[in-house]
C-alpha cells in the first residue's frame, strides 16, 4: 500500500454526467400463454391430441393450480419472453447469476459507454440495521440523501473524467472502462421461460407472504416487479397460481 | 438364470397392433427470426437502440455470418421453437440427452399406451459393417426386411398381449408397461432455441460436408431433418450461415 | 392396423433370460463434505480466507441450516458424486429427465445387450387405485405376482428370441434392439452435486413428511434411496438440514 | 444532464489504496483424472465393468483422442475442479457468463470491500487498433503507462473515499458500494468439470493455432491460463488431445 499519484482534481467543473434513478424493463418479444401450459401438460395423458386442446378458463386454471401445487414444473417451460433491461451494472450482475436465462449485454470493450450513473431516489431506504442475512432497511434523513447524491456524483465524475482522459489518449476501451463504477448504466437482452422467470421472481422480490421470503437488493427487485407485471398480463392464471401457492417456482 | 414360466402362445391371433415407420415432427409454436439475432447481437454496440433495428438482408446476413464464424453463440438464443414429435421411445431417448431443451412426454404411468410400434421401412439400411465408432450401414436384402418385420411383429404382439393381460387384471400401468418395447411410439413436446437446435442438428444429422461428422441413428436423424427444414424456413440467413461454416453450432 | 406375420412361438424352450428385481447404485467417485459447503458460503463474507476455514460441527451445522432454510443453494454446488447405476431402462429414463446431471450410458448401438430384465419382487405394490395424479398403490395377491412374473417372462423371452434372431442374421444392433422391452437392464454413469442431488431426491422419493410430497415410480425411488444413504454419509449435516426443512432443495 | 454537486477534492491525501496487477487462481479441491474419462466412456461398451478398468497410457490416450476428435463430450463431465479466483470485478463478470459453472462470490452487500484495485502491469498491451470484432492490441509508451496508472489511482481513490464516507455515515453497504469501480478486486469460488473448462478455455484464451480463434480480454485470459496449467497437470492426456484437435471443446 503506497501513496499513489493522482491527477489534479477539477472539483467544480468536469464532465457532464447524468444521475438516473429509473430502471426500465421492456418486453420486446414473447410467445407465452396459459393455454400453452395446458397443452404441454396434457401431452402426458392425451398424447398427440394435446396441442389442439381448447379449454375454458376454469379447466385451464384448475390444471395450472394442480401443476403449481404439485411442483410439476416442466409444462411451464414451453414459452418465451425477451426483455430489454436498462439498469446499473451491479443490478445486471444480480440478473446474470441466473443460469437458465439467455443474455446479451452492451459491451464496454466495443463501444464507448455513456455517462449515465445510478443514484437512489428519495423513496429508497438508505440505511441497514441488523446482522448479515437479517438486514432491515430503514429510511435515511434528507441529509443522508444529500450525502449519497453528492458522494455518488463526486465519484462518478472523477471516474468519467479519467475514463475520457484515457480514451482521448488512445488507451483501449477495455482498459479505460475499468475505472467506471458498478453504478454505470448498461443494457441487456434477457430471455427466459415462465418457469425460470418464477424462479427469478422468488429470489428477486421481497414478499412477506412468500413461503420462502427472500431479501434481494431493491434495484433488482425493481427489475423483477416490471417483469412480473408483464408475466401476469400474458399468463394471468399461471401468475395467480404462483401467488396462491406461496410464490414457489414449480 | 432359470427356466421361466410363460403364457401359452397364441401365435396367429392376438392383439391388433400397428406397425409404423413414419416419424413426425410438427412445429406447434415459435417466435424466431433472423432480425431477432441481429437485435440481440447489436445490443453490444448499440445499447438500448438495438431492439428497434430495421436492416436489410445484406446487413443481417453479413452480421449473422460473422457471429457464426466467430462462434458468438448467445445472440442465437433469444428465440423459441416448440415441436410436437411422434416417434419411438428409443428415438425420444436420443432427443432427451440434450439438456438445454425442455420436454414433456406422454406418460405410460398415467395413460394406456396404444399398440403402435416402429418398424424400419424399405429404404432403411439394415446392416452394419465395421467396428464400433466406425460403423457403415448397408442395405439389407428383401429377406432381411421380411425377417425384421416378422421378428418385430412377433415381439411386439407378445409384448402388447401381456401388457393388456396385466391391465385387465388390474396391475398398475407403470408396471404393465415394463414389457413394452423401446419401439413403442410416444409423443413429446420439445422446446429449444436456435442455438440449442443447431447443437442438436450437429450431433443428430450425418453430413459428409460437416466439419465434425456425426453418426446418429437414422431414426433421430429423421426427427432432426424435419426440425431443420422448419428452422431453415423461419431463419433462412441463420441456417445458410450454419451450412456455410461446417454445421458447427456457434 | 393389419394382421401381422409372426414367427412360430416356441413357448417352453427358447433363450435363457434372467429376471432381476435388484436395482443397484454404487458410489464410484466423489469429493463432497459439509466443510466444503461452509467454505463456499463463507467466500461471501470472508473473501480469500474462506477456503482455509476450519470450524467445528456446531458452526458448520448452524450455517448449513441457515443456508437450507433461506434457500441459498449455490454453496451446495461445489462438490461432486459419481454413481454407477444398474437399473431397467424405464428407471434410467426417469433419471435422465434431470438436466443438471451428467450421464454416460451403456449403448445398445455398440454392444450386444444381455438378457437381464426387471420384474417386481414380492414386496412391490402391484395395483393402483384412484385418479391420475392421485394414485394409491396397494398390494397384489399371490396370483397377481404370478401373473406379472409369467407375463413378463413371456414377453421378455419373445423379445430376446427375436433380438437374437436378428443379430444372428446380421441385422444392425441399433435395429435389433428396438424389440427389447423398457424393462431391459442398462448401466449408467451419473454425476451430480449435492444441490442437484437434493432436487432429484425431492422429486424421486415419496415422503409423507416432505413439504412437497412427490409420487415417483417405486423403482427410481430405490435408486434415490441408495444415493441418499451415500449422501447422508458424506455430508451428514447437509443431509440433516435437508430433512429438517421439509426436503426442499435449496 | 445537470451540474451535479461534488465533495471538495483532497487530491494529494485521502484513503490508502492498493494498486494490484496480479490475478490469482488456486485449485482448492478436485477429483479429476484421465482414467476417469475412460471409465465413463467405456460404460457404452463394457457396461457395469467399466468403472474397474485399469489401462495403460497408450490405451487411455488413444481413446481420449478418439473422443475429442469425434466430439463425444459427455465422458469428460464426470470429474470436478474448484478454483479460488482473486480478480477484478470486470474479469469475474467474464467468468460468470459461463452457465455450466458454479459460483460463489464475495458480497459487497454483506462485507466491507477492501481498497484493492486493478491496474495493468508494464507488459499489458494498452492500445487497440482496428474495428470492433477485429481489434489488435499494441504496446503503449511509458507515458501511456503512467497515464493509466495515474488516471486509475485518481478515480479509485475518489471512489474509495466516497465509499468510506457513506459507510461512515451509516449508509447501507449495498448502496455505498455502487461508487466502486469494476476494477475492484473480488474473490470467487468457481467449480466446473473438464468439459465446461475446455469450453471456457476455447473462448477465454487467444491462441493463433486454435481452430476457432477467440479474442478474450487479457485479464480473463490470465485466469484461464492458470486454470489450464492445473488442468494439464491433472489430466495430461485429455489436455494433450484438446491441444491436438484445435482446442475445440468436445
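Quick notes on this structure:
So that you can tell them apart, the chains are marked A, B, C and D in the order they are listed, and the count of residues begins at 1 in each.
Simple rule for what comes next: a residue touches a chain if its C-beta (ideal position, glycine included) is under 8 Å from a C-beta of that chain, and two chains touch if they have at least 3 such contacts.
A quick note: this is a predicted structure, and the numbers were derived from the prediction, not measured.
More C-beta pairs touch across one of A-B and B-C than the other; that pair is B-C. For the pair subunit A and subunit B, the distance between C-alpha centroids works out to 35 Å. Mean C-alpha position of subunit B lies 24 Å from that of subunit C.
Residues of subunit A in contact with two or more other chains: 45, 74, 97, 103, 110-111, 132-133.
Under the stated contact rule, the graph of chain-to-chain touches is complete, every pair of chains being in contact. Every residue of subunit A that touches subunit D in the complex is listed here, in rising order: 1-9, 11-12, 14, 16-19, 88-90, 93, 96-97, 99-100, 103, 108-111, 118, 120, 124-128, 132-133, 135, 137, 140, 144, 147-159, 161-163, 165-166, 169-175, 177-184, 217.
Residues 26, 28-31, 36, 39-41, 43-48, 50-51, 74-75, 77-80, 82, 84, 86, 102-107, 110-111, 114, 186-189, 191, 193 of subunit D are the ones touching subunit C in the complex. By the touch criterion given at the top, residues 45, 66, 70-71, 74, 97, 132-133, 203, 212, 214 of subunit A touch subunit C in their complex.
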